[in-house]
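Have a look at the structure below before the remarks.
Order of writing sets the labels: A, B, C, D, E, F, G and H. Residues in every chain begin at 1.
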Amino acid sequence: MPRELWKGNEAIAEAAVRAGLEGYFGYPITPQNEILEWLSQRMPELGRAFVQAESELGAINMVYGAACTGARVMTSSSSPGISLMQEGISYIAGTELPVVLIDVMRGGPGLGNIAPSQGDYSQIVHGGGHGDYHPIVLAPASIQEAVDLVPLAFDLAEKYLNIAVILIDGSIGQMMEPVELPEMRPVVRKDYPWATNGALGRKRRVLSSIYLEVSIEEEVNLRLLKRWEEIQQNEVRFKEYYLDDAEIAVIGFGTSGRIALSAVRAARAQGIKIGLFRPISVSPFPARQIAELAGRVKSMLVVEMNAGQMLKDVQLAVGNRAPLEFYGRLGGVVPFPDEILGEIQRIAKEPPSLGGNPAQRWLARMTAPKK
Amino acid sequence: MPRELWKGNEAIAEAAVRAGLEGYFGYPITPQNEILEWLSQRMPELGRAFVQAESELGAINMVYGAACTGARVMTSSSSPGISLMQEGISYIAGTELPVVLIDVMRGGPGLGNIAPSQGDYSQIVHGGGHGDYHPIVLAPASIQEAVDLVPLAFDLAEKYLNIAVILIDGSIGQMMEPVELPEMRPVVRKDYPWATNGALGRKRRVLSSIYLEVSIEEEVNLRLLKRWEEIQQNEVRFKEYYLDDAEIAVIGFGTSGRIALSAVRAARAQGIKIGLFRPISVSPFPARQIAELAGRVKSMLVVEMNAGQMLKDVQLAVGNRAPLEFYGRLGGVVPFPDEILGEIQRIAKEPPSLGGNPAQRWLARMTAPKK
Amino acid sequence: MQTEILFAGFGGQGVMFAGQVLAYAAMDKGKQVTWMPSYGPEMRGGTANCIVVIADEEIGSPLVQNPPAAVVMNLPSLDKYEPLVKSGGVLIVNASMVDRTAQRDDITTILIPANDIAEEIGDKRLANMIAIGALLGCLDILTVKDLAAALEAHMPGRHKHLLPKNFEALRKGAEHAKKQRSNQ
Amino acid sequence: MQTEILFAGFGGQGVMFAGQVLAYAAMDKGKQVTWMPSYGPEMRGGTANCIVVIADEEIGSPLVQNPPAAVVMNLPSLDKYEPLVKSGGVLIVNASMVDRTAQRDDITTILIPANDIAEEIGDKRLANMIAIGALLGCLDILTVKDLAAALEAHMPGRHKHLLPKNFEALRKGAEHAKKQRSNQ
Amino acid sequence: MPAKGWIEVNDRYCKGCELCISACPPKVIELDKERLTTKGYYPAHIFKDGCTGCAICALVCPDAAITVYREVTKAPTPAAA
Amino acid sequence: MPAKGWIEVNDRYCKGCELCISACPPKVIELDKERLTTKGYYPAHIFKDGCTGCAICALVCPDAAITVYREVTKAPTPAAA
Amino acid sequence: MSTVVTPENLVYSRPAAFTDTPTHYCPGCTHGTAHRLIAEVFDEMKIADRVIGVAPVGCAVFAYNYMDTDFVEAAHGRAPAMATGIKRVLPDRIVFTYQGDGDLASIGMGEIVHAAARGENISVIFINNAIYGMTGGQMAPTTLPGMKTTSSPSGRDVELQGYPIRMAEMLATLEGAGYVVRRSLHDPKNIRLSKKAIRTAFETQLRGLGFSMVELLSTCSTGWGVSPVESLDWLEQHMIPAFPLGDYKIAPSVAALKV
Amino acid sequence: MSTVVTPENLVYSRPAAFTDTPTHYCPGCTHGTAHRLIAEVFDEMKIADRVIGVAPVGCAVFAYNYMDTDFVEAAHGRAPAMATGIKRVLPDRIVFTYQGDGDLASIGMGEIVHAAARGENISVIFINNAIYGMTGGQMAPTTLPGMKTTSSPSGRDVELQGYPIRMAEMLATLEGAGYVVRRSLHDPKNIRLSKKAIRTAFETQLRGLGFSMVELLSTCSTGWGVSPVESLDWLEQHMIPAFPLGDYKIAPSVAALKV
């Protein structure tokens, strides 16, 4: 396939179509409308299911129903809409169904704004819904990467009977980059042994997330946890840049990762031995890899477009293997490479020491009266 | 006030009435129905506002509206209903309003069951909604404690313009204990400088969570974070039992904390030097106190009725100051003291060493084939 | 000192109320107490149970795996809870609803035809009070008098006229238990 | 090698499309490229902008604080972005919509009456192409020919008849810029 | 002459709700107070003659506990027109 | 004789939508193509005689940009009954 | 008499599409009656094999244990959305929801109205018992004025708690609705009419004629605090006047069906 | 002519309850007209001081910048719930919501129906422009059959995307609704009628006569892709036939009001 300039949202939508998407159910919300709009054209013309739902509640529960049949299905939304989906997400997790969800994050909390943000990390990765469950969460940093991860998300969801989320922010959704889209895969309705698609001669099937008997509910929970352990073993993905001889490691996912890359290059140009670790799967989190990295470098800097939500996962992985610093921008502000470069220079000059709370130090710097 | 035998849910509801509750908005869900039912009688008879909403979405947004006027308001629900409230919670946080929320947790994920659980810890404490915000979360372990925390929750919510959550599980909601209820406080509608209660001559006011200008949204976020730092400094609450000479510290909140207490006593009776640390405010989390404790003991055991959600906060606090073990029951199963005692004995016999993943070790034990 | 008592039976046999009366009596005597029900969307035909914990100091767990005392009012409850009673403990069995004897020999078992005695007294709803009476006859935590006082103090006014028969039921239960124990 | 170009103007002045055409041309020449729009619920009267990053290797940030090149199509955009252009950079100003000269002397500024030239060509919507032409006249990243090829390759079929005038606009813009530079 | 009918009540399902009893036109059903089902209900049973096999009891039974039989009677040869 | 009227259009609010122009019965409003408002619109203005002060323009103006005046005419003394 | 008990003489027996699991419903609860009628219709139409049911959250949460068809369990109120998802990817299956009044008319109002407005080709069996049975008898959107429930302990006060919602009437205003009727389960005649309506609803779906809903007035002797037999009278005397039985929307194409 | 410009001759000027902030609406958008009418009614009734408005998520998200009263900003669709909360704790204030068709008739369906069913004593101004203006012109629940939007690019296909919902008709079936009417903003006569209806809605609330809603047909020239003036004609020709103007519910107590 030749490279074409694609808008992130549209490329993701088309990638899903080519990955054999059979049903899409969604509700408009900026900055992800182009996904819904693209599919409102493409799905009906291919004779596949498209419904603009009455709300995000409707959408997630339509996806829930369609997933029960074994069809390849997806929904998409942005932060407030994702909050509305939390009950449904928990149900889907409890029913052990494969569903793909795209979250194009925007500034919050509340109505906030529609600018790029990474403020949904916690609600997506650490369970915004009730009960113990873990979605697979893939955080691409470019449109090509997003396009490549979409079919993977479906495959992983179906392999592990798990929700898979593509977590991006408004900037990836709205920007354009040259992209090579995959070939069109044929739609194959798999004959899953659990799918409720009408008995047609076989024994009837039931799909549900209710287990009144607590011992059975506990077994379900343990099964989910075991499966999650397997996913943690098999499905960690990340990308490393200039880390071979690095003394400082920057860690950032998605857009903040790619912005950090510019800063890292600029710092290298100034002779600073620095590299970038960019988690692609933020769940399962590359904790082992980051722990190893922490053993090799002198200090680490986490960069996010939130108040340090992934930072906690990094802290857990790093322990006191390396001193940590944090830099975040909030509420829709996208950091410039220069800001991150400034942080890098600060760290390079005065290497931080172990301990303390990096988020707290950052907040003090952010709110210090300007000189 | 004389002590009376009260059911947890009813005691909490009556405590709210006596704390000057002006408006309650809720939707039935087991195991918290008695809160709504009690208030359906009490509020109208006192001429105060009670609405059985059409849903949890309705309820949280009614509370949101009523809170805008400066009235003392509350809602209550249980796990799936709390998931439905996440958008509203994020809006309330973004609008900086005082609201009290009671979550009587049940087994999940999904529809699950109505048995006691602590599976909502993450969604409540770490932000089940979008954006960066932190609710104050108080986790009583007895009905008397719950009753005492209810007025505090209102006071803190109003002092810090923050959501305050009383986080209990079905067993505290459903059990009865002797309780001394506080005196009836008069209802005082405070004259907040932000309340939208009709201009009546003053300059009009607007309450909103939308900040299209990202730099302003960032300022709001930083203000919330600064306030949260203040809350973390002032409002940490916990209770310690037998920790003076303890070599092993058990950490558990709410019901798992009180069950652990029984196990700790039984272990003490067997000569094991052990004590219990019970966080009462799980958010702000007593991280400093636990870190100090970790420096004094030889090992720690975290007990929860979930798969280790608070465990992560403990791990962050403890770092590698002390080896950690975990014991959890899931999906509505309430551990018996004997099970925890068994864990304690194991640890006393073979003290764990630093490192590794306590949740992973626990899962291996839980799923090991029974001999 | 801490004692745990489990009550179990069909919904409608008054086991929840029985547990509550015991809890009230304990509270009135200045003890710490918890009353923990089973709860659920159990429809008719389901069983109900509650556990009462009575102690001198702050109560930890309101649930125990092996209570030292249990009152079972029907066969399913006997089947389910007999094995759980702590060795050396007490098991009160409503013989009117159970067609087998108990199987444990490391615990004290009282078989009491609670329904039949209740019918004798003239109110079949009193079977639960008879069973509690039997329990008190075997445990040293509270007396029949304490229970009677608790009933008197906490029974809603409109039911006060039922008190004498409740007292009688408690007494008869306790007597029956004592007699049976002295025969053992 | 990496270059960043900012385009800004009123909604309707075609700045988004201008950026896209540049991005297409870069892509067709085998470069890495990103096109990042401002987006928002901006109603009529709002300004729009986009940033194009062209590079030889994988592009990090699609946004930069101080782009080395900017095309501003109206006064508010000039006010906002002139101070941000990197020292030594290029600023193309649509003089038809701006009644002041530029203030920076550490950058190359081209004042081009894009609307007026467009009207001369006979299609006032071509102001954006004239501005791009001027830009290319000052930057060594891509040629007018590259742009023309990109337009030809990616303009939807039904608009193909507009190509000659677009080519003319590009050329005129580039010429104007060259002339102005040689006068500076 | 009313049709001859009979019903069987399945104890597994019957909950003694008495809806069949109140609906049966000839009132030939009652609860059998001699027996308790495993769930603790007194089940319904037919206790006297007169069942017409009209199946109304089955129609109202919420638990599908009732099976109804009716003697197949040859349709009377129509009177010559 | 039609009442004598006049309107003022506030540039701060007018967006040149032309709703007033199309609604004005005597068609005395047009866009002023000579001026641009700070937001970049050509504002409406009254361009010829004939305004009756009927206020229909103000009624349809979505931006409340129009102020309307009408000469107060003494009510004609009623004809003797 | 039991000489009558021969296979030829069999007049009525448990429908084949009913599983052999006893229901968890209270004695006399007409949820059971509704289930049985649905199973009978499946037998008659021979469609159980193609049916996918969507169970609600409410007393009927375990409906899937009783009907011998594929089933899924929805979140409270969201059954119509779930059914939409299923029907859209499997248009030739028969998809129905079974919902209580709390589920359908309170928390699930948005989903049911929009399923009807979309003319979603699904069938909805709506059990209106004027109360929240499962959670212990709270007020429902269909609770009658003055009726006591655990959350309207002094009786529903219309000034504070509003008026019952008549779903059939409301949904009948929507163009997408093909068949919307209200029936009752309180006596043999009405049970027969209910069954016929259920049949028509499924025929409507089978022929692709749009959204169909049968609202069934149903008893809740536990929630109402009366005996099962009394609850039938209570329904007749109190519910039918407030919720008139009848046909609220019969699209011409549906009217042409012979059922 | 400007001699006419004297204070005595002033016939119409910007209402006092309107702030001096220019709106962010597109040129000709009749959201502005609706705002102005509301402000005029506040002036006439002298109630701005007691009003608390609830803004929607939709193009009118910044409604609070334009009316000189206390205001809160709701989550998408939840304005009626928020208004309920406010009204219940401050029953003597005047509480109204201002909502678009996506907000009220799609995501907020549950909240609006229940506010009406409860007879919640609030007023609702419902702007039906048959499209999602704010998010860029997607299909709304009120989008007309065949109408092209960014999410129905080939025109709304009623087979797949269902039929427009007529909210006034639907809410009129509810007992709690005191005043439910539909008006239009497309010409002077209808603008006058709209204002009168808005006035009646607020009078209904002032007197405690229950839920009131004025549905206003409104233009979206941007979303419809026509000029502002053409959008008025489009409204008249296409929307009015689909959404007939009229009074759908006037409770007797409201009918007795003289407005």
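Side notes on the structure shown:
The criterion applied here is as follows: a contact is a pair of C-beta atoms (placed from the backbone, for glycine too) under 8 Å apart; a residue touches a chain by one contact, two chains touch by 3 or more.
Given the structure is predicted, the values throughout are model-derived calculations rather than measurements.
Counting only chains that touch, the fewest steps needed to get from chain E to chain H is 2. Chain centres here are C-alpha means, and the one lying farthest from chain E is D. Centre-to-centre, using mean CA coordinates, chain B is 39 Å away from chain G. One inter-chain figure worth recording: chain C and chain D are separated by 87 Å, centre to centre, where each centre is the mean of the chain's CA atoms. Averaged C-alpha coordinates put the centre of chain A at 28 Å from the centre of chain B. Centre-to-centre separation of chain B and chain D, using mean CA positions: 56 Å. Annotation for chain F: residues 15, 39, 41 touch two or more other chains. Annotation for chain A: residues 30, 51, 54-55, 57, 80, 87, 91, 95, 110-111, 113-115, 208-210, 212 touch two or more other chains. Looking at chain D, residues 40-41, 44 sit in touch with two or more other chains. Touching chain B in their complex are the following residues of chain G: 57, 61, 73, 75-77, 102, 106-107, 109, 132, 134-136, 138-139, 141, 150-154, 157, 160-161.
Residues of chain G touching chain E in their complex: 1-2, 4-6, 8-15, 18, 20, 22-23, 25-33, 36, 39, 187-188, 191-192, 227-229, 232. Residue ranges on chain F touching chain H, taken from their complex, read 4-6, 8, 10, 12-13, 15-19, 21-23, 39, 41, 46, 49, 51, 53, 55-56, 58-64, 66-72. Contacts from chain G toward chain A in the complex involve residues 48-52, 54-55, 61, 64, 68-75, 78, 81-86, 88-90, 93-94, 110-111, 113-114, 118.
Per the touch definition, chain B reaches chain H in the complex via residues 22-23, 25, 49, 51, 53-55, 57-59, 61-69, 71, 73, 87-88, 91, 95, 196-201, 204-210.
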